[in-house]
Amino acid sequence: MSLFLIAALPFLGAVFPALLIRAGRNASASAAGLTTFLAFTGLMLHIPAVFNGEVVQARFDWLPGLGLNANFFLDGLGFLFATLILGIGLLIILYARFYLSREDPMGQFYTYLLLFQGAMVGIVLSDNILLLLVFWELTSLSSFLLIGYWKHLPEGRQGARMALAVTGSGGLAMIAGMLILGHIVGSYDLSVILQNKDLIQASPLYLPALILILLGCFTKSAQFPFHFWLPHAMAAPTPVSAYLHSATMVKAGLFLMARLWPVLAGTPEWFYIVATTGLITMLLGAVIALFKDDLKALLAFSTVSHLGLITMLLGFGTKIAAVAAVFHIINHATFKAALFMSAGIVDHEAHTRDIKRLGGLRHLMPVTFTIVLVASLSMAGIPPFNGFLSKEMMLEETVHTLWGGSHYLVPGLALIAALFSAAYSFRFIVHVFLGPKRSDYPAQPHDPGPGMWLGPAFLITLVILIGLFSAKLAGPMVAVAAGAVTGGNDLPYYSLKLWHGLTPALYMSIAAVLGGALLLKLHRPLQAAWEAAPRPEAKAIFDRLMHGLTKLAQLITDGLHNGAITRYAFVMMLFIIGISYYAYQGGTLAAATREVQNVGPIPLIAWFCLVIATGAVVAKHRQRQLSLVLIGVVGLVVSMGFNYLSAPDLALTQLSVEVVTMVLLLLALNFMPKESPIKAPNWVRARDGAIAVIGGLGASALIYALMLRDFAMPSISEYHLANSYKGGGGTNVVNVILVDFRGYDTFGEIIVLGIAALVIFALTEAVLGTRVRAYLLNRKPDMPQAGDAHPMMMVVATRVMMPLALMVAAYIFFRGHNLPGGGFIAGLIAAIALLMQYMASGFTWASERQRVFYHGIIGSGVLIAAATGLGAWFNDMPFLTSDYGYLYWPPLEKFEWATAALFDLGVFLAVVGAVLLALESLARFAWQPGMSTEHAMDINPARDDAPQQNSDEV
Amino acid sequence: MRLFRRVIPHPILTLLLTLTWVLLASSWTLNSLVFGFLLGLVIPFLTQPYWPEQARMKKPHKIAAYILIVLWDIVMANITVARIVLFKPNSRRQPRWVTVPLDLKTPEAITALAGTITMTPGTVSADLSAEGHALLVHCLDAEDPEAVRDEIKQRYERRLMEIFE
Amino acid sequence: MNHFLIAPVVLPALVAPFIIMVVRHHLDLTRIFSLACSVVLVAVSLVQAAQAADGSVQVYELGAWPAPFGIVLVLDRLSALMVLLTSVLALVVNLYVVGSGWDKRGANFHALFQFQLMGIQGAFLTGDAFNLFVFFEVLLIASYGLMIHAGGTRRFQAGVQYVVYNLLGSTLFLFALGTLYSVTGTLNMADLAVRVAELPAEDTALLRVGAVMLLLVFAIKAAVIPLHFWLPASYANAPLPIAALFAIMTKVGAYAILRMYTLVFGPDLAITAGLSGAWLLPAALVTLGIGAIGILGSYRIGRLVAFGAITSMGTLLTAIALFTPEGTSAALYYLLHSTLATAFLFLVVDLVSERQGIEIVAKKPMPQSGLIASLFFAGAIAMAGMPPLSGFLGKLLVLDAARESSHAWWIWTVVLLGSLVSILGLARAGSLLFWKSHAMAAEGSDDASQGGEQRSQEDLAEDAARNRAALPFVACFALLAGLVLLTAFAGPATKYAAATAEQLYDPQIYIDAVLGGASK
Amino acid sequence: MELLVASAVGVLTAAGIYLILRRQTFPVILGLSLLTYGVNIFLFATGRLAVNAPPILNKYEEIAYTDPLPQALVLTAIVISFGMTAVVVMIALAAYLSSRDDRIDMPDHPEDEGENA
Amino acid sequence: MITYAALFAFVCFALAVLMNLWKILSAEEIADRILALDSMFINALALMVLYGLALGTEIFFEAALIIAMLGFVSTVAYARFILRGNIIE
Amino acid sequence: MITEYLIAGFLIMAGIFGFVGSFGLIKLNDPMSRLHAPTKATTLGVGGVLLASMVHGIAVEGHLSLHEVMITLFLFLTAPVTALFIAKVHLHRHETLKSLPPAGEDGIWATHDVEPEGEEEKQSSA
């Protein structure tokens, strides 16, 4: 079976339970079991090749640009792990089917479990370290889901997040390590990397890469000081603990250390980091395990200890130690999974895992007792079980290991660890199963059905068989796996058997067993001492750390993003000014090329008005209406300035825009406070003033410098001047630019206006749809109101003016192409002419007379402009290509026409519609029931004569 | 005639607008006239809803005379007022309010009167009475408010009455 | 003449006014036209992407005026990519909005939506600097409308800030354009490139100021620290599906930086040396960090995703700021990913907030909790850059591209730590929202009404109907499918990205296409 | 002349910046208006200054014209900023009416902190 | 002679504008400020026509026309604001 | 030559009246009187300039430009409205029924013709 398929099957398997959620518990369990079984079978098909020392490969270029390839290979090490993962996986699937209760969502569980399984298989089969990373992180994620599976348990949620935090951060460190490794070698393919030991170890980046990768391994394999997450992960359902936290996931770190052993091991750095960490972990885990009353916690710390053991062995860096490591991996997986499942059975049956509440179960649960007995003795290192064999090898290796010049440190500490290990193993047997039967179990325990004990029973069979027939049964496996670890077939001599003669290791084993028994005897006082001794509680530290981190993050986030746009804007200004200055001083400024032009008195006076008025706006900005009057002065001067400086179109636009803007601001101000009471502290004002002055000076200096220099190259506008008439058919170059050369800009511009109106309309609807409407309807004017809302003179004057204004608008529109003017200005004039009606005769009266909806006017404007542009397509010319020519109808003279005028009509309509829709929307805010009148003017003596229909005069 | 009314519902306005176009375009060509005329037809149609009860002038030909009189008054009054502003101390000036009872009824006529008063220096129309039967006028410097009122009524209101009512 | 080129701009520009003129009062018709337009846009942009894939640069001279005198649209790989991304995202968001009924909660939604698309597509396609400004304004003003769609006090308040901040940006844009025009005498981007390259070396200060101001403008759009302040409140207070659409808006800034700083002010240009790299990279890294911290430090889900968007912009700009083909290639892949991922998570978060409010606190389990939780989990994975989704690949690409940089250690440290903090934050939020709620259900506590708006019976009935709607989920799954496809076909995608980057770093092709080879 | 225009740009910009940093929406809107004037003049002046040389082509004689392009750009900018002003005024008004408070800052304090660890 | 007369007129209107500015800044009454602003518009109009006369160009006329036609709208708006608060009702 | 005199005369007249208008705005001591001043600028001030311009157009440049007429027309239409509104502002803020002359048969001036508080309530509740 292709490696792709083996790696993919669990993922496919993950899909089915998710889909089969409704089909029932058996369906999802079967689907999970079947796919796992298929994958397992597929794996087994490779036995001949693997045991021949071949490497099975499957390659696919996934992301060649990065060197991330979906390359898989299967060698002894991979085979060993894949077998463990899939084999134990099958047992777990079976076990879980009976372990989980009816309320637990079974489909979800199997989905997560198979996701995890797939990720693990991916890790051990990957021939590409980036691919391996992908699977590595996936195991973190899927284990997060599995640990948090019981969502209602706070320990589950917290344990899941803790596991994710620790293994996740390790994984991220490992990403960096792997990238460095790949960088050193020039490839991310493992098969290439494994050939480059010398290159890697000679690289100056070796140490950082090593540390970063080991961080990943240590966190995953719960090595000190990252071991604390593992016990908290025990909040997961027991199948998960058995699978992830004993047999597979925690071994991923070991796997990776083994995988990279050929290229990373053998240096003092490796030895001191890995072996020491392993040693400490082994010791610490063993000691703590003895004092845990929770069965699963005991097992968890024992797992920590055994993982430390294996890590230490790998850290020794000798081939024979590596063999021992591989062997212990197998052994530990068998007895520890069995123990976890047994603990689960106890928990499941007795409804407690607390050792203090248990005891005497051997009579009630004989099957379970047998399983636990064998597995625990194996864990304690009692012959003839498999645990004894590998522990013996370990002890043997420690004897040969020199740490910092000391012969005794490593074996001494290892012995202590072994001693504790024996003690807690015994404790599991003695305190749970031996002793008198109790009457106060939370539930009456008895052996479960075979569905739950078959799995562990199978495993302890292995425990026994491997112990007895190690060379036959485990030998070949160990050989190929260790061969893969050590990177060759030249393994040193070793033998897997129970009796090696009277070696130091044997003495140490005996000492450990006896000492262990003694420790158990002394357990009560020791426990008391342990609990009295001050020791850091990892969870508390972690919780504090996470809590602190979250608080800090909240503090930073809220502190920075506190909603004070005044500060945001200040920072922005400061940054812009700073960076711009930085850019400026990094360049050189050549001398000015243009003369300064003379100034007459009138521009000087205009300038004076502008500066004074602007200053006054700043000084008086708290008096809002006054500021608007002053802005009016500024607007006037700016318009006049444009006119004076040869920009009549601009002047016209500015003037008319000014009027509309002012009306708009006044309409809004009506509802707002008329003063700005909040006065910033003086230092804030000084600070703002300083940044404002600097910004102003910067803008001044920049434009001054620009104005006094000529273009290095001719401006493109020379072309516009030259072609405006020839190509655009107009003499007002600005207008031709607007409707022709850059008509596309104008198209965008009218759309901006149209959108503005739509936004305003939508906003009005939104506001008036809320309780604000009630407020507005009952709102009392905040200033005393005068009578005569619609003065007669205003009404009459605007009536007379409206046709005239429209005429002027038409005039401005039609001449725009050749003289100052155009659709935009004309549109504004027309809009203002209508606006006058609104101002004079009131909102209700005027809008009743409005026959075309402004939405439609805007839409038609945009559509006409667009259609004019599209018209060019019929000539196979690009969008907005204009055409012009002459019409001649005698006796009239010839008429000049240009499609640009049609485009300008679109502009005109869009402007009219947009301005009026915006103002009308705003005016709707002020509408109150008493306001409607059928008369345009409040006072009209002519009505005296007419029959009185409705005296609605206000 | 009815056809004429239908095609050109606002002959005076149309004429005025055509003239406006010609003035604006500063071109006395046929094209310009035709175009102005077309606009003069279209625009009143567009603005008609906003001027529903349009006053019909009785004697529009008298407008010209009225305008000339007003222009002349403006020039003369300007000189007087300039003297007041430049040379007359505030203390000796006698600002006065004057109530002008109105005989005019149509809004257009009243507006024309009020406008005339404002545009002739020295007097400003400040308000109408609540039902529009009197006009409040402010005089910059008037020893005899009665005289001012009478002059307004005689010189302007009477003429406007002829034109409009 | 390939009129197809302008279709992404003209099509929404025609549909939007049509909607407001003709079918404004018929919701169903409006939806049909709007959706149809979105579908056609996807088709059009697929064709365009195919056309651009061969490495050619197509130019559309508006008004038949030759560049640099008129405005040109330019379609190269980059713009085709961005247009396609926008169209796809828009279609999905449109589906979601229609499905969830968000479009009914205020006026003129679909018209504004189409105009928004027009603005974005126009910005991607234009070859003219000032026209870029105009289309920035189009997309901005439409975004103002969409941001405050459906109203609400906080939304209005945030809207004011959003508009004011962006108006400052627009003002700066004009300062920058004025300066550049004054120095070079042109507005066409290709022509700018030619002229800038020929500028006398002794007169560079003013051009540098213009160039850097332009960069700052784009940095505002791209939410680079300390110019990012507009983003969290705006995105978090906007209707969340709109925030999903806005995922592309920050990319407009990134696009513009990429475009201008490869074409006009390329990395080899001596005059502007040190302008982009010197501060952009550190700023991008800080952005990433602040974003990640924000993810952990958010009280509300919208804000959380908003900070996610900032984080992804930080990552993206880190890659861009390398200004190497590898970096840009990584950036483009990451850009595709982060746009889809951000949008996806915003949509999911909207599903959540529609059901149990916006606060990140445990409440009673919501309807469809399992499905939504799965979607959130997938979104969080994508956002944090965890496998198996494309974010992980994107992150690896960025890290890999940074190897040669002298700041590699900084980049790696910040990117990886940023990921960690994001993971923590997302895990915290997910655990509170989806896991702890089960505990609440078990304990039977009742605080579901807290934090959310008070709702009437009718609203609740409508909610129930909305909860049954399948279309929002279809939209979410479509985005998820996009992420999966991006992962599965990472090879072809990165190949396109690499080719795009290659095209960007050989601007002569672009210049020749626009100026007709006259510049040589 | 150049100095006048340049200093006008500076004064308008400075006043605009100062007002934008105020704490209520209305002065900020005033500031935006002033800033808009400033930048429009800036953009306009990039075409250099000329008196009595409008870019209206004269068919009869060769005369000097000022640069028309910045004028066209400014025109576009004026229109756009008008639209923007209208929108910002309306949103500010809506925000004010909804909250009866026209402070522009938006303190964002969470009501509920939830589970932190 | 026209030159001198024009110069005289320039000076007069320029002074008028300055006096308007003074009034806008110093007036106690908002009505006076509005009045002064309105006068400033008119004086500006005059100045523009004068410029047109002096430079012999017509391009100043449109602006003058617009001021004459639309200038009063903002004045009325300011005044209505004080009178009624609401300028469109 | 005559036209030159004419133009110069118009200009000088315009200057004087323009100046007087704004000067009055400062010099006159009561608000209503100040309102009179700008009328001068609008009429003879601007009018003079416009006349000068028109004559100049005819005489010097040789074509009849009638924009000036339009400008005058608009000024004459709008200036009274402006003045009326400013006067109303004054009446509203500083004058009372008592301080003004009687309003004839109507009894009250329109600006002061505000309905009492209660009535509004009635209307809105109706």
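Brief remarks on what is shown
Each chain carries a letter (A, B, C, D, E and F) given by its place in the written order, and its residues are counted from 1.
Throughout what follows, a residue touches a chain if its C-beta (ideal position, glycine included) is under 8 Å from a C-beta of that chain, and two chains touch if they have at least 3 such contacts.
Keep in mind the model is a prediction, meaning the values are calculated, not measured.
Under the contact definition stated at the top, the chains bordering both chain C and chain E are A, D. Number of steps on the shortest path from chain A to chain E, with steps defined by chain touch: 1. Of all chains, B has its CA centroid at the greatest distance from the CA centroid of chain C.
Here A-C and D-E are compared, and the pair linked by more C-beta contacts is A-C. Set against the C-alpha centre of chain A, every other chain centre is closer than that of B. Each chain gets a centre from the mean of its Cα atoms; for chain B and chain E, those two points are 22 Å apart. Chain D and chain F have centres, each the mean of its CA atoms, that are 33 Å apart. Averaging C-alpha coordinates per chain places the centre of chain B 41 Å away from that of chain D.
Chain A and chain B have Cα centroids separated by 72 Å.
Multi-chain contact residues of chain A (touching two or more other chains): 546, 550, 554, 558, 561, 563, 565, 569, 628, 644, 646, 648, 669, 699, 702-703, 706-707, 715-717, 720, 741-742, 745, 749, 752, 755-756, 759, 763, 766-767, 770, 785-788, 791, 793-794, 797, 801, 804, 808, 819-820, 922, 939. Annotation for chain D: residues touching 2 or more other chains are 20, 25, 40, 42, 45-47, 51-52, 54, 56, 69, 76, 80, 83-84, 87, 91-92, 94, 98, 104, 106, 108, 113, 116. Listed for chain C are residues 130, 134, 137, 141, 144-145, 148, 151-152, 161, 164, 168, 175, 178-179, 181-182, 187, 233, 299, 428, 436, each touching two or more other chains. By the contact rule set out at the top, the touching chain pairs are A-B, A-C, A-D, A-E, A-F, B-F, C-D, D-E, E-F.
By the touch rule above, chain B contacts chain A in their complex via residues 13, 17, 20-21, 24-25, 29-31, 34, 39-40, 43-44, 46-47, 49-53, 102, 104-108, 110-111, 114-115, 125, 127-128, 130-133. Of all the residues in chain E, the ones that touch chain D in their complex are 55, 57, 59.
Chain C makes touch with chain D in their complex at residues 130, 134, 137, 141, 144-145, 148, 151-154, 156-161, 163-164, 167-168, 170-171, 174-175, 177-179, 181-182, 187, 233, 299-300, 359-362, 428, 432, 436, 450-451. Those residues of chain A whose C-beta lies close enough to touch chain F in the complex are 777-778, 784-788, 791, 793-794, 797, 800-801, 804, 808, 928-930, 938-939, 954. By the touch rule above, chain D contacts chain A in their complex via residues 1-27, 29-30, 33-34, 37-38, 40-42, 44-59, 65-69, 71-72, 74-76, 78-80, 82-87, 89-94, 96-98, 102-109, 113, 116-117.
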